[in-house]
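Chain naming follows the written order as A, B, C, D, E, F and G, and within any one chain the residues start at number 1.
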Amino acid sequence: MTVTDIFIAIFSTLGSLAILFAAIGMVRMPDFYLRLSVTVKAGTLGVGFLLFCAAVIFPDISVTTKAIAIAFFLILTAPVAAHMIARTAYHIGVPMWKDTVIDEFETEDERGDGEE
Amino acid sequence: MKSPILQSASRYLLPILLLFSVFLLLRGHYYPGGGFVGGLVAAIAFVLHSFAFGTAESMKMLKYKPSAIIPVGLIVAAIAMFLPVLFGLPVMTGLWIEEPIPVVGMIGSALLFDIGVYLVVIGVVLTILFTISLETH
Amino acid sequence: MLFTILIGLITSCLLIPLGKYFRSPVSVALALLPVILFGYFVYHIPQVSSGETLYESTKWVPSLGINFDFRLDGLSLLFSLLITGIGSLIFVYASSYLKGHPYLDRFYGYLCLFMSAMLGVVLSDNILLLFIFWELTSISSFFLIGFNNDSAVSRKSALTALSMTGLGGFLLLAGMVLIGEMAGTYSIGELINASGVITEHPLYPLVLGLVLMGAFTKSAQFPFHFWLPGAMKAPTPVSAYLHSATMVKAGIFLMARFTPILGGTPLWSYTLLIVGGVTMLYAAVHSLFRTDLKGVLAYSTIAVLGVLTFLIGLGTEEAFIAAGTFIIAHALYKASLFLVTGVIDYQTGTRDITRLGGLRKVLFPVFVAGTLAALSSAGLPFSFGFIGKDLIYEATLTAGDPLRILLTVVAVIANICLVAAGFMAGIKPFAGALPTQFADVKMPSALVWIPPLILGLSGFALGCFPDLAGQYIVAPTVSALTVEPVEFTLKIWHGFNTVLLLSGITIIAGTVVYLFNKPAVSKIAFVERFNSYTPHYFFQKSWITFRRFSVWYTGFMHNGFLRSYLIKIIIFAEILLIYELVKGGPIYIDYGKLIPVSVHEGINVLILLGAIYLTVTTTSRLTAVVGTSIIGYAICLMFVFYSAPDLAITQFTIDTLTVVLFVFVLFNLPSFLVVAHGNRSIVIRDALVAGLFGILLSLTAIKVLQVPTVKDISEFYGKFAYSLAKGKNVVNIVLVDFRGFDTMFEIVVLSISAIGVYSLIKLRLKTSEKD
Amino acid sequence: MIDNHIVATVLVHLFTALAQLLLPKKTVPQMILSIAGCLLSFLLALALFMKVYSGGILTMNAANWDAPFGIVFVADLFSSTMVLLTSVAALAVSIFSAVGVGRARMLFGYFPIFHFLIMGLNGAFLTGDIFNLYVWFEVVIISSFVLLTLGGRIPQLEGAVKYMAMNILASMFFLTGIGILYGITGSLNMADLSLKIAQVEDRSVVNLTAIFFLVGFGIKSAVFPLYFWLPSSYHTPPSAVAAVFGGLLTKLGLYALFRCFTLLFVPDDFAQTVFIIIACATILTGAFGALIRTNIRRVLSYLIVCHIGFVVGGLGLCSKTALLGAVFYLIHDIIVKTNLFLIAGLIRQLRGTMNMGKLGGIYAEYPKISLLIAIVLFSLVGIPPLSGFWPKIYLIEAALMSKSYAFTASVILGSFITLFVVAKLWSEVFWKDAVVDEVIVDNFKPLKTGRKFLMILPIGILASTSLFIGLNAEFIIQVADRIANEMIDTTPYTSAVLGNK
Amino acid sequence: MELLLVFLIGALYASGVYLILRRSMVRLLLGIILLGNGTNILIFLLGTITKGKPPVMAANLEVFEDIYADPIPQALILTAIVISFGLTSFAIVLLKRVYALLGTDDLDTLNTPQEEDI
Amino acid sequence: MTLNLYFDYVIFPLLSVSAILIFIRLFKGPDLVDRVISIDLIITTGIAVITAISIRSAQPVFLDVAVILALIAFLGTIAFSFYLDKQK
Amino acid sequence: MIKHLLMNLLLSFIWVALTGSLYFMNFFFGFLLGFSVLWILNRSEEDHRYFTRVPQTIMFIFFFVYEMIVANLQVAYDVITPKYFFKPGIVRYPLQADTDVEISILSTIISLTPGTLILDISEDKKWLYIHVMYLGDKERFIQRIKNGFEKRLLAILR
């Protein structure tokens, strides 16, 4: 194994682990919002690591730009999606974990100037 | 369900997706992509826009009815198909300009055909989705 | 000869545009057509009677051996003369009888068509050509019987007649095709030579059955006779023409035509004898129980048809002579009786025998015609009927059969009834006192009473000079049947012998029966008690049962439930697949050729299976959509595993769009698939059927995997993708170049579906908008 | 040989449809374009037919790739005959549509879709590539979905759901068959497949493949027990549409069935038995259904099913005579069935209903139209010498020759029921007096003479075609005979496509 | 791997068939989609599968040097996917219209009695 | 140990296990939104797998697939949230 | 500022052309080289924004990655240990950013950082509703965002 290989092995492992954590979080987290919170980031991070490996292993600028593009697109879209689904979940009343400490959104809603 | 975050996201995603779709279209002959996928991605760009701003808004932005794109695309593709007949060749035969052109590569009737496909796919997807969406919402 | 047929066809076609000029009494001019034809055939009598057969041929469909091949031998001539001769009188009669009828032109059109068809039947020298005209007679008679189409009974009779003769026709066709198959020809001349081949063929009974079915249905033999009385709903000229002289005789003609081909075997003889005998007895007795003049005539006609069948079945020369003579005699007197009946009906407004009487006082010429016909029908000396009857008895007596006594007795009984029936129809309405309501009955136009009078008179003319008919017409007819020249003379007087005795008995007994058998409504009631034992009833019942079965079957198969259709289709496919898989023997798998499984591929399949399970079992629409979308994404991943990036991209984008589509559509539907829970046993059944289908598909796939694959085409693509098609993504090259045509029309498919979606959603027809 | 003429009919319809798509709001130009396109395509089809009839099989390698590498179009006598018949039917329907289809439907793409449908049919008949055939099938299916639902009435949609489900299932079977076929031969070109399939050692795999084609095309041809979609849907669309469907759609299935089972798979004894059983059951099913229905179009739908049995039986008997008869029947049936559905439309125009119980009095009011219709009706029955008669001789002959008495009996019974049903239809619809307590909605009388003419003309065209077929049977027999020869000896086909490789 | 895919194909076909035999029109649609997927994978499998060798030439090559996956099944499936998208979208909209008109997606109710025929 | 083997025995199994775990969530729900975010994460994992395959098979072409996935995967999520929002 | 960016890119391309190798690292090196050259050349100009913002951006990215890794580790730890440590809540966060671009970038960043997730934004775009995993003290959380991401971001964008 060359140095690059070891480098790649490490980063790909990190990436995979990040995704594994996201997956575990997905299963283990007690409510929807917490699951969402975990997954978006860890998933993106994991993919980011793997993309970094790809960029390193292929000596080609097109691959590198592609890897950047993927990461960029993920960073661009994932939070938007998360925001949309979270908002909807909240609107349709997906319950929060019993230990939730504060919900300022709800009070906002009650004030009546929430959306719609 | 207007979300400012989605709206501003779609504002920069729309050009990116469109650009990307053209990219897919042009390089289809060499790499994965082509008219279909390109068209689908372009359509998705507008679908996203309609999610963010409402379909009526997207229609306004398009100016033309998406269904009007369909015959245009079909005609482009049909011309690409029919062109060789004028040269005494069987329909659909690939015609090529001798010299490759930078970025795109070889230019030929295949590309024209792919452009037709691209337009048709955009037209079709948008017609279907926008029609349903306008009727329902 | 072709022109004799064409001229009628052309006339009937011309009557469509020119009909309006023939709705007036001018229509009598159309009688010129049969008159000319009659003249044509008369002109040929000497030639034919000298033993010559005239042939004519025009190419039409040589591949099938069907050409306009015509022959004019004795048999054809006999029938041609009847068709055109009686036809002439009918044409004249009808122009007056149906005077002022708004559709007189149509009537003549059908009549011309019918006459041509009949001529075609009798002149054809090719059995398939004969069949063509045979069917045309059925169709044209359908229009004639149903001519009074505003009457429901009329329509029903026409339908029944067409059904019976039509069914017989199709069977006849099969029989003829089979004959052609056996003998290698459809030409009658050649078939007569090949007669032995056919009669000795193992399928001869089948052929015989098929052909005779055709003949029996057409000539109203028991048990298919019932359509004929019904067909009396037609205008009287039609009854006179079709049901006495021509169409029903087509069946007789057919049997005669086929005598030299199929005849001469015991099977042939016994079948005809039995059917003919039963028919004549059954119908003759039946005729006595009718009160409707036309009913009486119809049944007596059936009886006569039975007699003719019977005679042809006898198969002796004497029988043929009798048949030939009797055909002429019957045609003359029966047509006359029908026409007389028509006049009575027309002038008095009734055909009920119980109410009719004394009409000789007001309708004298008609009375003469009727009486002449009745006497001929009774077989009084100096009538042609007398000759006919004598010949019948002679034929039965000389049959040489052990059954000849029985046959003779049968003939006598039948004839007795026929005498009575003839009197009932021809004399009864004119005899006795004139009921007051008929006192002011007017004499009809001469055009109406002259034709029956001519017919009646010619019956007696021929009765006085029988050999005129015998030598010139009957003899050639008989030789057409026996295929050798025959010599005989028809004489009025044979001396005192058994035949004369039988004739005397017949006439006396018939007169007695006539005098004592008072037609009455009570008798009809009596007969009706046996209705449920009649063939007609049997056929009706069978038809009703058949219809019921059709209703049940159609409802069972096509019950309106999509899933029931789908499961039938699937089970059908499964049966075939199981058969082939079982027949194909055990399935081997070459494990060495398989690609090893990687973890991620295995897990991917596992997820796919899980997603399938989720999709199938969930009760929430949305979850089902989630499931399918996961399936799509997993498949996309699979495409990446197995080197198909283009597919992966397409699958993914399309899958995403499908989700969007579903989401757009589904949200105003209730979210739960409540209707999904059906009967548990149905669910199990469906699951078994579906599971079996999956297993069969898997087994098929395994079998196919064992077949070594050829890759020369894809290698060609790889080799020339860049050099010739100037690209490096071979899939895309295939799509836009090698197989660009697929793509071109695939986008057409997409476009159509978009237009469809658009119109489906936008187009709302108002109820007022018609197609 | 480069011969773009082969696809000319396809292209004409394509460009006609495209031109119409560019004029979405202009119905009159669409109409004119449609009739002109159909006329042109008819002339081209006629020319193609003549060319093939006199000069033998023609091929065209699309995109200039030699077979089997590209998609090849083949005009043999069978395909060019089918194209010609399609063109005749299309021309008639196109003219009829001008009056028979409402403006609302025209505004929503009736004409372009109609032309796409015809284009699809022509393409399907002409292609020599099995996957390309699939694409054409899909063009036809999707067009027929759209035409079926155009207008969106409830019965239409109900029919469409069933139609759609079963036709998609059929496509699934077909596509599965193609997949397997590619798996065992690595080819898609039908001529090439014909040679390669013959070389496959494991015959049971070939037979399995054949089953998928049998079921797939069987559904499309509406044979027993796969026919359900047809009587579920054909009574729902506008008559012009029903005419195309009735005349042509199932025939495409039959065409494909014949192509596949003569060129690719030669039926073994089992397959022949299956075909015969299917044929008999189909005839009976259709006959039973037609007997008990009272709506004209439902009756006609079942009659379609019934008569498909005749044709399939010809395939099952698989002798030359049988194939000849089947092909002749196919030729006859396309013209007559198209016409009958047009007639149903005309009747509806005359009376506002297609229910036999409510109809009546047409003969009294429109005697000449009625007689014209009578010709068509009796052609259907096969009253000699009209067109339906001739093929029956061959079919019965072939059935008797191969001792297939069940099929003979079915043909006779089927013909008889057809006769009965048609006679009853005539008596109920034309003879019977108009039903007293029914309000007659005669939409025909108020039409302008020109429009009346446009409605009658196509029926007349098709009726005269029927008459031509019947009276000039010798010519049709010659054609059918050569087609049957093509089916039995496929060497000319394969060598025309592959060049003598 | 092939056997696993064979199993998967069986499962897809079986579940597709099971779903089209249900009363719900949504399930009918899902069944059709599953059958379509099953067919696609079948074509893919029977056209032989190859790992990691897409039929795309590297930028510096003009012919393939290595083995590559068969492009034909891929092209066929691609066409099939797109076509079934067209059909599916039409079918979905049909479902929508039926639901709008009849208020149900129960296929068993799609039986307008014959008497209502025109 | 080569990089390929490392990928086969470590990276792919890790990602596969993740996919299974996410799928369990997808199966369990309980709400539709849980399923939706499971899909989202499965796609993200898919992108990771594609990247890994691209590295493992030395075929950068597969990254093109990943680009598309990254760019449009979120549309499904948005569609679902749109649906739920409208349905309410 | 755009002028400088373009110039810088041009210089990188020239470098790549000169060295003849379109390798990413090479391009990056060229970019750095070009940046320093430009910086040196333009020290006297008034508009220094470009030259301050590039390092700022880079610093910001590093800060973001750092935050992300730390938070990820925290969450990861929480995920794999049996007991839950988090105290989730939804916080109403007053926005300083006011343009669309600012808000989107900020919310993207907040969402991408583990432990926080944008739920919604108020109609008037003055408030963000943030779902927080570890909500010790609400005010402290708000301050952390305000002085952390938002401040740095606005510094770059404005």
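FYI, a residue touches a chain if its C-beta (ideal position, glycine included) is under 8 Å from a C-beta of that chain, and two chains touch if they have at least 3 such contacts.
Predicted model, so just to flag it, every value in this text is computed and none were measured.
A.B. asks: By C-alpha centroid distance to the whole-protein centroid, which chain wins?
C.D. replies: Chain nearest the overall C-alpha centroid, as shown: D.
A.B. asks: With centres defined by CA atoms only, which chain is the most remote from subunit C?
C.D. replies: G
A.B. asks: Need the CA-centroid distance for the pair subunit A / subunit G, whole Å please.
C.D. replies: 16
A.B. asks: Between subunit B and subunit F, what is the separation of their C-alpha centroids in Å?
C.D. replies: 27
A.B. asks: Using CA atom averages as chain centres, what separation in Å is found between subunit D and subunit G?
C.D. replies: For subunit D versus subunit G, the centre distance works out to 67 Å.
A.B. asks: Which integer distance in Å separates the CA centroid of subunit A from that of subunit F?
C.D. replies: It comes to 11 Å between the two C-alpha centres.
A.B. asks: Which residues does subunit G have that touch at least 2 chains other than itself?
C.D. replies: 107, 118, 120
A.B. asks: Which residue numbers or ranges of subunit F touch two or more of the other chains?
C.D. replies: 15, 17, 19-20, 36, 53, 58-59, 61-62, 64-65, 67-68, 71-73, 75, 78-82, 85-86
A.B. asks: I need the residues of subunit E touching at least two other chains; which ones are they?
C.D. replies: Residues 20, 28, 42, 45-48, 51-54, 56, 59, 72, 78-79, 82-83, 86-87, 89-90, 93-94, 96-97, 107, 110-111 of subunit E each touch two or more of the other chains.
A.B. asks: If we use the touch criterion from the header, which chain pairs count as touching?
C.D. replies: A-B, A-F, A-G, B-C, B-D, B-E, B-F, B-G, C-D, C-E, C-F, D-E, E-F
A.B. asks: Quick check on the complex: what are the subunit F residues that touch subunit A?
C.D. replies: 1-3, 6-7, 10-11, 14-15, 17-22, 24-25, 31, 33-34, 36-38, 40-41, 44-45, 47-48, 51-52, 54-55, 58, 60, 63-64, 66-67, 70-71, 73-74, 77-78, 80-82, 84-85, 88
A.B. asks: Going by the contact rule set out above, which residues of subunit C touch subunit B in the complex?
C.D. replies: Within the complex, subunit C touches subunit B at residues 645-646, 649-650, 653-654, 656-657, 660-661, 664-665, 667-668, 725-729, 731-733, 735-737, 740-741, 743-744, 747-748, 750-751, 753-755, 757-758, 761-762.
A.B. asks: Across the complex, what residues on subunit B touch subunit C?
C.D. replies: It comes out as residues 28-37, 40-41, 43-44, 47, 67, 70-71, 73-74, 77-78, 81, 91-92, 94, 96, 105-106, 108, 110, 113-114, 116-117, 120-121, 123-125, 127-129, 131-133, 135-136.
A.B. asks: For subunit F, which residues count as touching subunit E in their complex?
C.D. replies: That would be residues 53, 56-59, 61-62 of subunit F.
A.B. asks: Within their complex, state which residues of subunit G touch subunit B.
C.D. replies: Touch list, subunit G to subunit B: 100-101, 103-104, 107, 118, 120-121, 125.
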